[in-house]
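Supplied in structure tokens, the structure appears directly below.
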Amino acid sequence: MIHTFNPQLYYHTMGSHPPVLTVHDGDTVITSTVDARGWDQNGESAADRGNPMTGPFYVEGAMPGDTLAIRFESITPNREWAWTTNMLAPAVIDPAVAATLPASEIVHWTVDVAQGVAYLKEPTPGLAQLKLPLRPFLGCFGVAPSKGQFISTATSGEYGGNMDYKGLVAGTTVYFPVSAEGALFYLGDGHALQGDGEIIGTGLEISMDVRFTVSVQKGKTISWPRGETDTFWFCIGNARPLDQALQHATTEMLRLLQEDCGLTSSEASLLMGQAVEYEIANMFNPAYSVVCKLPKAVLAALV
Amino acid sequence: MIHTFNPQLYYHTMGSHPPVLTVHDGDTVITSTVDARGWDQNGESAADRGNPMTGPFYVEGAMPGDTLAIRFESITPNREWAWTTNMLAPAVIDPAVAATLPASEIVHWTVDVAQGVAYLKEPTPGLAQLKLPLRPFLGCFGVAPSKGQFISTATSGEYGGNMDYKGLVAGTTVYFPVSAEGALFYLGDGHALQGDGEIIGTGLEISMDVRFTVSVQKGKTISWPRGETDTFWFCIGNARPLDQALQHATTEMLRLLQEDCGLTSSEASLLMGQAVEYEIANMFNPAYSVVCKLPKAVLAALV
Amino acid sequence: MIHTFNPQLYYHTMGSHPPVLTVHDGDTVITSTVDARGWDQNGESAADRGNPMTGPFYVEGAMPGDTLAIRFESITPNREWAWTTNMLAPAVIDPAVAATLPASEIVHWTVDVAQGVAYLKEPTPGLAQLKLPLRPFLGCFGVAPSKGQFISTATSGEYGGNMDYKGLVAGTTVYFPVSAEGALFYLGDGHALQGDGEIIGTGLEISMDVRFTVSVQKGKTISWPRGETDTFWFCIGNARPLDQALQHATTEMLRLLQEDCGLTSSEASLLMGQAVEYEIANMFNPAYSVVCKLPKAVLAALV
Amino acid sequence: MIHTFNPQLYYHTMGSHPPVLTVHDGDTVITSTVDARGWDQNGESAADRGNPMTGPFYVEGAMPGDTLAIRFESITPNREWAWTTNMLAPAVIDPAVAATLPASEIVHWTVDVAQGVAYLKEPTPGLAQLKLPLRPFLGCFGVAPSKGQFISTATSGEYGGNMDYKGLVAGTTVYFPVSAEGALFYLGDGHALQGDGEIIGTGLEISMDVRFTVSVQKGKTISWPRGETDTFWFCIGNARPLDQALQHATTEMLRLLQEDCGLTSSEASLLMGQAVEYEIANMFNPAYSVVCKLPKAVLAALV
């Protein structure tokens, strides 16, 4: 079944808020998200700032201990401009240099979805020719956290949240550990484009039209978000500092190889040691995010 | 001029050891390196373990404050086997899981340079079909450190050292800040292949034939190793924890954009924010290494 | 006014749960807390494990932007035994050594409140004579967090929470930034004794009788918990890693000196540089806690 | 035997420099140190800046694998002024706040050894009455590092170095792992006074008269500096970040309890968990330093 859902209210925490819609395993949802400051497709303020979320969607049958799969079929900017900040975040720069940088300001970009590019609305001399290809994704999405918590959409954890991973584009399937009845899926914080690390604190912040399909893996238990594209399996760890985020992601990949592929810890180590790739998703939010990836081609060769 | 140098002794620290050869700006050196345990192309022990280095090469005219450029023309395994460990390092795994893993052991791999692949000498059932493409690089190289120091080749710093960055393959040019007269270039610790992060503590450790060309950039001062491939510019930061390694790399890229490309801090931030890529080179050595990259295509569009 | 409150239910998150009692500025509350596993003064299970909290207490007139002061008049173990774990936490030990340690087990202690000492119920040979002085405090207390969040009592933040700071004994006044109407004060997780850092993951876990007095500082805004004893002012930072917890605590002390004592940033730096003391409260919980202290004697000399 | 040694040259690295004096087990040395910038007791520049060291002293019979004990009998400022910086280091402050602080400048203090106090030479209004008690110690001392390294006196490691621990006052005995023949003891960087963490980047920097006695513990092997005062045993860990420095110190204390006191890992954990204390020695240098302490009174009760 395909649901078209037009959001009327937005939450700034993930938790067991009243569901806005109940969906079933295999259902598809067509909806939209406002940007990180709550501006919608018409540039009007539809919600307070701070990653307002569309949802939660209650997934029938999803229970704690299960896994919720979200396949993003499309993530498309639904307006022609985005905003960013314009200064490197202190956390990514040597402290002595960070102290010399000016304060960050808001800058506007033109987003040309038809051409698939973005450029500064008022280009400065050094960036007069800058034109970057779009790569739209959602910065913040996930499920209700464990233990009855309601956690700000500024941060992230085992339940997903504000991971700002540029790899989470259309075509990707993401898996979450379910901690609350119905899983309670939230989404928002669209970025038309972003580099690794979200190192200026934003991507190209924009409202989105989104289409996704849910499925429930009963009795499948995972500890951190996992995902797959056509070419990679990946696991996401969210924590501070980067070391710990990487530990979570790597440990989850070890579990994947042991539990899903039947490797021993030594076999998994030999494989990961020579074939693993990492991405630094964000080093800006209260929890940083690191992604541990393995090529599907390598895993396919194991069988 | 092309020098063919056959090493007879190896150093385990980088510092102002007596040079083994003096070369000039533009000269090419053809030489070889033993593996991280000192085993040479015949599998014989030519040096003590712990990243024994070929060199140092004294580069005529290189003085503190200059930059030394090393272009690697070829890095080729010169024997048919390599060794690795076989267990994830504690630093990359959640501590509670790390405590459950068995101790690491040495494993041997067949390295087929002609076919360009590596596979386990004694494959275990789960990895019976594993065959990985070679991607040979040097794990440890650099120049004498600042302040008259002699520093173990186990670690790394502004002067390079044991960075274990898998991107440092043939075709790459690496730039080092010169801190001692003659720069004093060292090289060793070849890896036939390695994943990101050197997360089991080794790549496929192997002896190498290496050909490189030196050049001196008089009066050009940099703070951390930089490099370029056909498609990317990059900067390397070496420190613990990962956060700080990333800060050093990002700060050096900011300097590159300001000093070499004439961007303001805001322009550099806008560009890096949306186009930067990171690689985690190693999270095993005493200093971790993070690489900050920008596509040359993006920089070319700036002019 | 003095309230005697006998808890009937316990919460495992801090947030805007329905208040169990409304109190006014200057009121005193006499109540009790169960231990971290929910065992009460009779050794019966009164709540699920995971730092069950007594409260929340709604403080009339406390509004976001105000400061809530809690003065602990007494914190007294109300039973004769406590429990601890018995193995150093992986986070406080070199990873290679941590991997060699046995799993942690629960151990029981006799708590002799009259004599003011604790000792192992079943002493091992090496600790046959061990007798340690009691120093009872509460490991976890605080107010509802900002942004409508409900956060697990396993962790801590600007709102307090599971700080496990051994200095929070009777006689101490602690100040919290108010983020929700009525502040909503929670308390629990009593420790009869603990070393710095909570490095085995527990203090001597025990149920407590507690007496405290609340007051509201209208219009006084602070960013992190502060406190005072007879001899010290202190600020608490809660975060991972330790570096960041220390940064929060130090920054809050800088604010205290600037805003409350009228020092310039340079004067505050000169004073803190030579007179500051730190305590590592916990390096076990999801957020670590560091305390930045200044002797009242030094501050008194400033006037 | 008592040696009076008047230094004529100073080293800025620790390593196997030619010894300035050979001493024997049990010998006492009376000597002096210049301050961190090389200024001597007369305020004249006797060495380049950067922690110039007196020494090295070759200790007859000390071999790798032994332990060198240094008992400081006196550490006394030998001039009447000291200097400090005047601004909190970026590493100890929240990055966003650090960016707002002015640059650090040098400030001079009067050091009255007879009265045992220090005060600003040109007091600002807020610190007009500030008078702080002296607590003289050496910020930087240790032995030649392992593996033939020569390491800058800016940093620290297993061999000691620039630990800036305010507890290393006269009356303390410090133990170092010997890594080079003769141990090669260096000392310098006197501080008339300092708070925890060296958070403005200096103590009250001053030249010193020092008297110390050496002894060699043949066949006693330790991994990190240890020490004792009348009331405490302690271990020092030097690394970045703070978490890792604390891990090294805690692991060394675990070894001390197991090897010297015969406790099991569980007994050591139970004891440390409830009785351990930590000090943050410095969070400014390239390697941070954390001290793990246990009261001798607690250890005495074990026997």
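The letters A, B, C and D name the chains in turn, as written, and every chain counts its residues from 1.
Going forward, a contact is a pair of C-beta atoms (placed from the backbone, for glycine too) under 8 Å apart; a residue touches a chain by one contact, two chains touch by 3 or more.
Fair warning: this is a prediction, and the values are worked out from it, not measured in the lab.
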Among all chains, whose Cα centre is located farthest from the one for subunit C?
B
Higher C-beta contact count, A-B or B-D?
A-B
Centre distance in Å when subunit A and subunit B are each reduced to the mean of their C-alpha atoms
32
How far is the middle of subunit B from the middle of subunit C, if each middle is the mean of its Cα atoms, in Å?
47
How far is the middle of subunit B from the middle of subunit D, if each middle is the mean of its Cα atoms, in Å?
34
Taking each residue of subunit D in turn, which ones touch at least two of the other chains?
91, 95, 101, 241, 243
Given the complex, residues on subunit B that touch subunit D span 12-13, 15, 50, 146-152, 154, 239-241, 243-244
Note: in the complex, subunit C contacts subunit D through residues 84-88, 91-95, 97, 101-102, 104-105, 107, 118, 120, 124, 126-127, 129-132, 193-200, 202-204, 241-243, 246-248, 250-251, 254, 261-280, 283, 298, 301-303
Please give the residue numbers of subunit D that touch subunit A in the complex, ascending.
89-91, 95-96, 98-99, 101, 241
